[in-house]
Amino acid sequence: QTLKIGASLPITGGLSVSGEKHKRGYELCTKLINEAGGILGRQVELVVSDNRSDPATAINQYERFINVDKVDAVYGTFSSRLTFPVGSILSKYNMVHAVPSGGALRIYEQGYRNLFYFQVSAAEYTGKDVVAVIKDLIPQGQGPKTAAIVSADDFFANAIAAGLLGEKVKDPATDKEIADLAPGYLADAGIKVVMQEKWPEEGFNDWLNLANSIKRSGAEMIIGLTASAEEAVQLTRSLKTVGATPKLVYLSQGAQTEFIEGVGENAANGVMIHTTWHKDVPFESTLAGKPFSNADFVKAFEAEYGVEPDEDSAIPFAVCQGIEQAINGAGTTDNAKMGEWLHARINDDPVRTVLGRFTWDERGLAKDKSHIMTQWQDGKLNFVYPTGEFEGVVPFNYPKAGF
Amino acid sequence: MADILQILILGLALGGVIALMGSGLSLVFGVMRIVNLAHPSLIIAGAYIAYWAFKGLGIDPIVMLPVSAAIMAAIGVLVYRLMFEKETKSAKYSEMTVLLTFALAMMAEGVLGGLFTNTQRVTSPDYATDAFFIGDLFIPKGQLYAGLLSLAIIGALTLFLKYSRLGYAIRATTQNREAAELLGVNVNFISILAFAIGIGLAGAAGSLVSFVFSFFPAKHWEWVAMLMSVVVLGGMGSILGTVVAALLLSVVAAFVGTWIGATWSTMTFFLALFLILLIRPQGLFGEKPEMA
Amino acid sequence: MLEVKNLCKHYGGIKAVDGATFAVERGSITALIGPNGAGKTTAFNCISRTVTPTSGEVWLDGARIDQLRPHKITAKGLSRTFQISRNLSDMTVIENVIVQSRVDGIRGMLRPAMSAEEKDKAMAILDFLGITRIAYEDGHNLSYGQKKLMDLAALLMSDPKIILLDEPAGGVNPTLMEEIIGHIRALNEKRGLTVLIVEHNMDLIMRLSHKVVVMAQGRVICDGPPEMVRKDPQVLDAYLGGVLEEEAA
Amino acid sequence: MAVTLQQSSANSVLEARRAHNEKLARRADQTRVTWFPLALLAILLALPLLQFVGNYNYVLHLVLFTASYVAMASGWNILGGFAGYVSLGHSVFFGVGGYFAGMLLARYGISTIITAPLAGLVAAVLGYLVGLVTLKVRGPSFIISSIALLMIARILFDNWEFVGGANGLTLPTNDLPVQWAKLPYYYAMIAIAAFTVWATYRIKHSKFGLGLRAISKDEIKAESAGIDTRFYKVMAFALSAFFVGMAGAVWGEYLTYLRPNIFLLILISANLVLMCILGGKGTIVGPVVGAILIVALNELFVATMGASEVNILGTGLVMAVGLIFFPLGLVGTLAKKGKLPRVLNWD
Amino acid sequence: MTELLQVTNITAGYGDGPAILDGAHLTVEPGKVHCIIGPNGAGKSTLLKSICGMLTIRKGDVIFKGKRLNGMRPDQILREGICFVPQERALFPKMTVRENLRMGGFILNNQKELDRRIDGILERFPILRERADQHAGTMSGGQQQTLAMARTLIIKPAIVMLDEPSLGLAPKVIQEMFDIMKMMSAEGVTVLLVEQNALMGLKNSDWGVVLDLGRTLFEGPAADVLADPRIQELYLGGKKAA
């Protein structure tokens, strides 16, 4: 009898680029597990449904997995905007909710105990690592003094912006304050925000104007918090067209191959992006009980799909590893037991994935992890930070030489 | 001052492209009474043709324009024969066609998604991310070329419709199919022709759009409302109106986007639509509906 | 009863109606005639307010109505037909007819669409006009004359005080027309229905109307009893052409 | 048969004409059935009994989902089907209803099942106001204005921090065990759907409904027939918004999540249109049949093809084929051919 | 008898509805004026529509100059030489009068000749010349009727079929209209008209046809039709005449 695992993903619609990659991550992992004999001796059957980037459909599909397909476990979906609604239904059924993407703090402050986030930390705290790069890698006094923050009106992007700007995070339903992030990472680092702008989630075309405003603000650092790789491409291309000359550009998306394809090597040069994963980081993990390094993952992925993986496939791969280890660890597909097992992880006995080690706090946020900062250099995405922790770190390019 | 001028330039540059995207829509409505909700998705199809030629064969999208227009026109013929030919006799023609084109939009999205995946694409000829710098000001080359070409195409088409024999036949068929047929017009052929021209225009627009905006199959939903607003504001079916509305709104949107906030720049299009409904329901250049 | 004062309707440079003044007395049958393009239909449109007059006044029963919306005018008891029949497709002929019956306020709106009495009345009217067989036919699938008849039936349904008929005889078979004339006259005599009629059929006008108003180029050029108008040289020249002599011959 | 004037008298021609007319005359509609919808309702009310023998949550979910669409599509039908104003923006009222009741729930803990009529009323008022502006134009312009309305609502809600902006907000879940958690919403939604269908029936068979139908064909004619077209239209808009708003209210709590991009989607509006058209616009049973059909079809696509472009392609294809072969909708086309099963004649 | 157009026992109807015409026949002789009369809804317009190809003929034949026309499209039939002016909505409302006339000569390939003929027409109908640049849809009922009629003069077909040409015309214009028709027939154009203004119509015609019950009840010289008391009573408003 097979062991069924369901995942609802945005294969079509606005989030489809990442959704498709998530599917690959889940599929590859499942395939490798099955080749190694499955979980608890059972072959794994992966059920993927397309939710068309629509929250209501996503909820519907998880409910279908649980009630009709009678799955043994589920994988999370892509993006905060889908994870939020799915969270409540999975909590109702008390399924382990392994979240590949959905970093907003509010998701974890609802009191659910079945959440396990497979990324570094809540998006609100991303700014910490950005500022750290500036502090650690740029010589004293040469760092940017002013910044322009432009962001998509998106869950994830808003959350990063809130951290950078030091805003309060509130639950609009009850107006309860969840966290006060003041004064904000930028203020901390002595960077003044000279321009701030948001664009709507859908239907925005006026990129040149935005880029023009950024240029005119004269900001030395441009922070572009885009919701998708597509927006990152648009923003970068427009900055190039208007001839902006910042010293540093940080984008929240753009680690994907689509980015370099869309903007070209020159424009991409020096653009910094935070990620949870990078192909050159020597993470060690286990798969089906055997050691499985990050390099193994990259190799397997290339063999399967003919392209290099990126973050959007690595994270779901890690989610799949986590569920596998949880089932094996708990010795059952009883989700309550699996949840207990995952919560019981400690630093010495963590969940080991291609994203590194994971242990979680009460809320489901990973403990003691930091982002990997990457930078496009001559058409390649190199990882530049943290220095000193792993092999393969490449020197940071600064300042950026135009687009 | 330079600021204002710059924003104006950017607005106009964007407006030129939007004008071409909208004018195909306007044309198909003007001469066929079809509100083609699928127009944006067909523009995307045209853009994919340009993209494929650019990536695979290294052909410049502007060079590709006539080809992609021709291919799309051919597709238009096919689509018309399969979907719309039967509807011409329906009493609910205009409403039916709205829904049919809606279905067409979904099918196009599905097919394109299957062929090209949902990854975002853009063609990147050099001029696409370049600009003419004049002192403090700059004019983006890509937008400029696209805008000028758009206006030229629209102009040529308008003349064709107004003065050529086929143009007469097309307009006559729209206004009174039976009468046109009784006067010797092969109305079915004319309908196919007109539809093909409209879709061909989508193909042409697609070529130009391919280096101005990035696109993926599902992108058309974002465009549809914006283009429709432009068309209504200009006056349903008036190509000149569409062009003026597109330029006007783009400029206003540029100012709103800069001075009030980028979130609100899209809003310009929709608010303008409501405003025009309040004060001049037939649109800027539309004819006042005749009562009795 | 109905007074039109100095009515003007200009379309750009075209003066469709240009200062027309005439009155329709209560209980009379008044004919409005004139050459093609004289502005008769436009005058009707202005009276029933389907178009907005450029200037001028329209009074009904001592109240000004040219500011009212059309349905209000209809509610005051003025109903009209259209020269080119406007029928409601996808609705049966009987529905087309019953739609014209009066609805008062929200209460009225909630009444059943077709009460038994209304149905009987509608069928009686259709029967009289000889079109019972199309009662359940789609209002669109009618011959030209049938549409005219349906319009007339709808008009009779609403029990108006005054009706405006725009070429009711156009396209209607003469034999049937005879009966319709008889009916209109009966309504006029028995119930005091006031009628304003536009027609080109002079024979019909002469026999039916008490008074004739002649329009040409947007203006009223002559007005009086039929016999007088018929002999008016201006009318002969502008409108009747050589017809009269021929008929006389 | 061979009547020629040469041989017969005038009277015999009149006689023959009568017979001829008799032959060509079309009959009045067949009578409707009422027992069938009532029986259907009874079955649906009893359906949750299944929970005693197993977990049929998903079945309940599907019925609830369908019921919400029945309510919305029937509501849409008042404006789109009767009055002929096709709106692609009705999801606005879905959203307004959802948010209004949802915020009441979040702040004051009053269940949306209680506040739904109020939410409907708020949607109706909004519909009334919007209608005053947009109902000035007909046909394509109106359709587009409705899309624009949706876009405006979307942008406003996306930026309205009080209701959580683009990020939305979560609503508290109820404390019932999983087995029974859906029931309150299930019954509420069935009740709303049944009420809506009944209401559309009443509307269609009133003077108001007749007036709306006249408006949908020729507004000038309707106006000169004494119908206050402006008032009728705006009322139709408000009423149809009312029902959609009610459905939205309950849907919000059921999902436990409010977000602009759940409610304010053009695809939801499009679904309403599609359901009415496929089922039979302007008929009572049409939206019901359409809703069942579309939801079932959607399930089929999701279940068999799971994912992807095929799904969109399939939906588009079904829509196109349906429109081409059943231009009056399933119910309308069958009725025209006289092949409509009697149980489906609810008019 | 040398007939130009022969309609034998045709059956026709709308869509898949009942047969409106059932056993209608008609003989059209060259150069004459033919007038069809009959009560409302008899099928007169339907007959003309069937001949010109707007409706499919279910049974029977339409033979024109020895050629069977069944199943041909209206534009093809026009090119054969049969021109039809329907009863309603024959114009292009958003085109000007001049453009409407230009469309009337659509099948002509010689643009110069077309312009010349249009000028000729405008000369003949001052009412149209005045309005040459007005949209046809905004003209009065009678003006539109005149335009529809005038448009047929641009091409010189073998047969002109007119459905109630006198509809909505002022008495003076009606007379002119019949004069034009006579002139056309003198020029060799055969005229087939349907008239409810039956007395007028028959008086100006050579041949009369009575259509009722979807079939032809009587065919004969117009004078015979006028004289028949039964026809008088049934179709010509006979009580008065009697």
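As written, the chain order gives the labels A, B, C, D and E, with residue 1 at the start of each chain.
The definition used in the following text is that a residue touches a chain if its C-beta (ideal position, glycine included) is under 8 Å from a C-beta of that chain, and two chains touch if they have at least 3 such contacts.
According to UniProt, the chain labels map to these proteins: B, D = Branched-chain amino acid ABC transporter permease; C, E = ABC transporter ATP-binding protein.
It should be emphasised that the depicted structure is a prediction, and the values quoted were computed from it without experimental measurement.
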Moving step by step through touching chains, the smallest count that connects chain B to chain E is 1
Moving step by step through touching chains, the smallest count that connects chain A to chain C is 2
Max Cα-centre separation from chain C goes to chain A
Distance in whole angstrom between the CA centres of chain D and chain E is 47
Whole-Å distance, C-alpha centre of chain A to that of chain D, is 40
Averaging C-alpha coordinates per chain, one finds the centres of chain B and chain D separated by a number of Å equal to 31
Touching two or more other chains in chain D are residues 24, 151, 155, 158-159, 220, 308-309, 311-312
Touching two or more other chains in chain B are residues 113, 118, 221, 225, 263, 266, 291-292
The positions of chain C in contact with two or more other chains are 41, 50, 82, 89-90, 134
Listed by label, touching pairs are A-B, A-D, B-C, B-D, B-E, C-D, C-E, D-E
Chain A contacts chain D in the complex at 9, 11-12, 23, 47-50, 52, 54-56, 59-61, 63-64, 67-68, 80-81, 84-85, 88-89, 91-93, 104, 106, 110, 153-155, 158, 171-174, 200-203
Within their complex, chain B touches chain C through residues 91, 291-292
Listed in rising order, chain E residues that touch chain C in their complex are 14, 17, 38-42, 44-46, 87-88, 127, 134, 138-143, 145-146, 164, 167-176, 196-199, 233-240
The answer for chain B against chain A in the complex is residues 3, 6-7, 10-11, 13-14, 113, 117-122, 124, 128-131, 133, 138, 140, 142-143, 213-214, 216, 218, 221-223, 225-226, 253-254, 257-258, 261-263, 265-266
Residue set of chain C touching chain B in the complex reads 41, 45, 50-51, 82, 89-90, 140
